[in-house]
């Protein structure tokens, strides 16, 4: 692998790791939002 | 909520200090409230049986009162010691018999009792063990491994273990679980001898017949609260089954 | 001292139970032998590098075998919910910790001694020459191992996959002990005097003191509910 | 020696739960309990934008602005993200795990446990980045992906310790048990780190290696880029930590609501 190849690989690792984490956190966030909406509905209709 | 004994100790006839006083006790496991604002007062020397279906929080109550777990909120005072702060002081005076025996299966009866006796610094331990084994009818098996004991014998030995340090407050959590009729009867006989009027006893069970036999007071625990409390002297024993199901039935959803 | 004698009562209870079944120490020993045997296939006998690898084999065997004992330490307390009975006793939590620590140390130490013997026979080590310094290293390593191990054993005992979790928790934290023990015993096996391993022994002592103190302080939280 | 008796735990977090769920005789008020707010606020958004912008600026600085290092060439540019990742993990991230573990054990407030958990996650993330970029940088320079350099080796051991910490957390479901047990491990693990480092350093000086991380000549513009990068990654860590903690807070409140709606 060329020198630039290693450089590219190094940066790829950084951004894939950070991006992966942020995507995972974002997904969890939307699951939470959905769950809140569901509970809200439940409370309304359950009244 | 808990019957008419909300009055302070001084007003109770007999004027004895309360052995147990609980005010607004909550115990959460995560977000699940196993005990929900429970109040309880018990004079020392009395025998209280707490009835309740599975999941009512009886075991949790016993575990809080016997210092095994801390309360989430509320005042708890047992034997004059505030919990959880003074748990260390209380432990010496508390005996617990539960459906778990707390016995080491790879040790003999004698070794088990010697171990616990030393932990409690019981004086004249050997004589004490001999007397207790006599009392629970296990003298002949003193040097047998606990693992060779039947369930009933283990439970009797666990009674001896709980009595080693002569506690003045005893908690019995479903002690009849898994015992056959014969063993239950022996356990009952031992319990009768414990009820001397000097010792405070709290028993939990879901078995109405066994629970009513020798107690002074009854309570019904449902959904983490005591919903019924009465003195056995004034209790309508024949109608108690109906009373119990009336209280439990209202909350049948809890069980499912 | 009442404090230590109470702790000894707990350790004695564990030892009596162990002498009866011999389950723990025997399985530890067998496992330790097997580790040495397996590792041995990776070493070309007679090579000059052999001497560099040998202490590593020895301490790998010690660590892997030792963890078996720690695994059992609190599982024994879970049968019949004995741990609850123990916690009901009117003694400070640190007494219970010390009791379990003494027991674990004694089991690990006896395993270590026999594994050393096995090792010295297989690799033609003149045990008489190195017995004392190696023994000292073994004692120091055992204390550190049991100090942290007893705490982690209590931490992991309530978990479903406690065996795996205990190994995963303990091994990385054990790195300084294994390293110091392997390096210092390497010196001894090379025929150097004990003083040449002074730095490593000091590291072991520091590790033992720090983690024994920390574990005594934290044990309360590992068992409370 | 702890003087705290085993059960002596005021539990403010759970007390708050009581206030919500238990007031006025319990679950009938559940519907009135406040729903979790959708964890967004202006200042947090601003912090996020600033963090991401500064990372982009640092990226520009590292790739374009900084001069090529004379000996190592372009590969040295990995260093601008390698070193800050290592700093964030070993510095703030794991230290916060340690501090919040202690505070949890003292206060029994689950909030601190959530901070510790989130910080450990980020610490492992940045340690992973460090461990992956390090070899990619080392290979073209020294011809080997891995050397048993004290810092590298300590980082690897550290990674194992905090992965173990996260595994311990994920294997316990009850909130306070998880907080308690992982706090115990979080404290021991952190205290272990300097001892690990010392032991590995002694080990490597006894058998010295030719390869060291030294010998890099940073000129002033390189230093500036490094500082910028350090600040950017630290800012990113702080932002992600806050977001993650708020998310965990929300999850916890949601669990409570779910429980209440179930009880109802």
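Letters A, B, C and D mark the chains as written, and numbering starts fresh at 1 in each.
To be clear about the criterion, a contact is a pair of C-beta atoms (placed from the backbone, for glycine too) under 8 Å apart; a residue touches a chain by one contact, two chains touch by 3 or more.
In this text the structure is predicted, and so the values were computed from the model without any measurement.
Chemist: Report the pair of chains linked by the most C-beta pairs in contact.
Modeler: Per-pair contact counts point to C-D as the maximum.
Chemist: If you average the CA atoms of chain B and of chain C, how far apart do the two points sit, in angstrom?
Modeler: From the centre of chain B to the centre of chain C is 40 Å.
Chemist: Could you please state the distance in Å, as a whole number, between where the Cα atoms of chain C are centred and where those of chain D are centred?
Modeler: Taking the mean C-alpha position of each chain, the two centres sit 31 Å apart.
Chemist: With chain centres taken as the means of their Cα atoms, state the distance from chain B to chain D in Å.
Modeler: 46
Chemist: How many angstrom between the C-alpha centroids of chain B and chain A?
Modeler: So the centre of chain A lies 51 Å away from the centre of chain B.
Chemist: Please set out, as single numbers or ranges, the residues of chain D touching at least two other chains.
Modeler: Those would be 6-7, 9, 258.
Chemist: Which chain C residues reach two or more other chains?
Modeler: Chain C, residues with two or more chain partners: 87, 92, 224-225.
Chemist: If you look at chain A, which of its residues touch at least two other chains?
Modeler: Counting only residues that touch two or more other chains, chain A contributes none.
Chemist: Per the touch rule above, enumerate the chain pairs that touch, sorted by label.
Modeler: A-D, B-C, B-D, C-D
Chemist: Which residues of chain D touch chain C in their complex?
Modeler: Counting only chain D, the residues touching chain C are 1-2, 4, 6-7, 9, 105, 157, 160-161, 163-164, 167-168, 171-172, 177, 180-181, 183-185, 187-189, 191-192, 195-196, 198-200, 202-203, 206.
Chemist: Which bits of chain D are touching chain B when the two form their complex?
Modeler: Touching chain B from chain D are residues 5-9, 11, 14-15, 17-18, 21-22, 25-26, 173-176, 255-256, 258-260.
Chemist: Quick one: which bits of chain B touch chain C in the complex? Just the residue numbers, please.
Modeler: For this pair, the touching residues of chain B are 66-70, 88, 91-92, 94, 96, 98, 100-107, 111, 115-116, 118-120, 145, 154, 161.
Chemist: Could you list, by residue number, the parts of chain C that touch chain D in their complex?
Modeler: Against chain D, the touching part of chain C is residues 87, 92-94, 148, 151-152, 155-156, 158-161, 165, 168-169, 171-173, 175-176, 179-180, 183, 199-200, 203, 206-207, 210-211, 214-218, 220-225.
Chemist: Show which residues of chain D lie in contact with chain A when the two form their complex.
Modeler: 31, 35-36, 38-39, 63, 73-75, 77-78, 81-82, 85, 121-122, 125, 128-129, 132-133, 136-137, 139-140, 236, 240, 243-244, 247, 250-251, 254, 257-258, 261, 264
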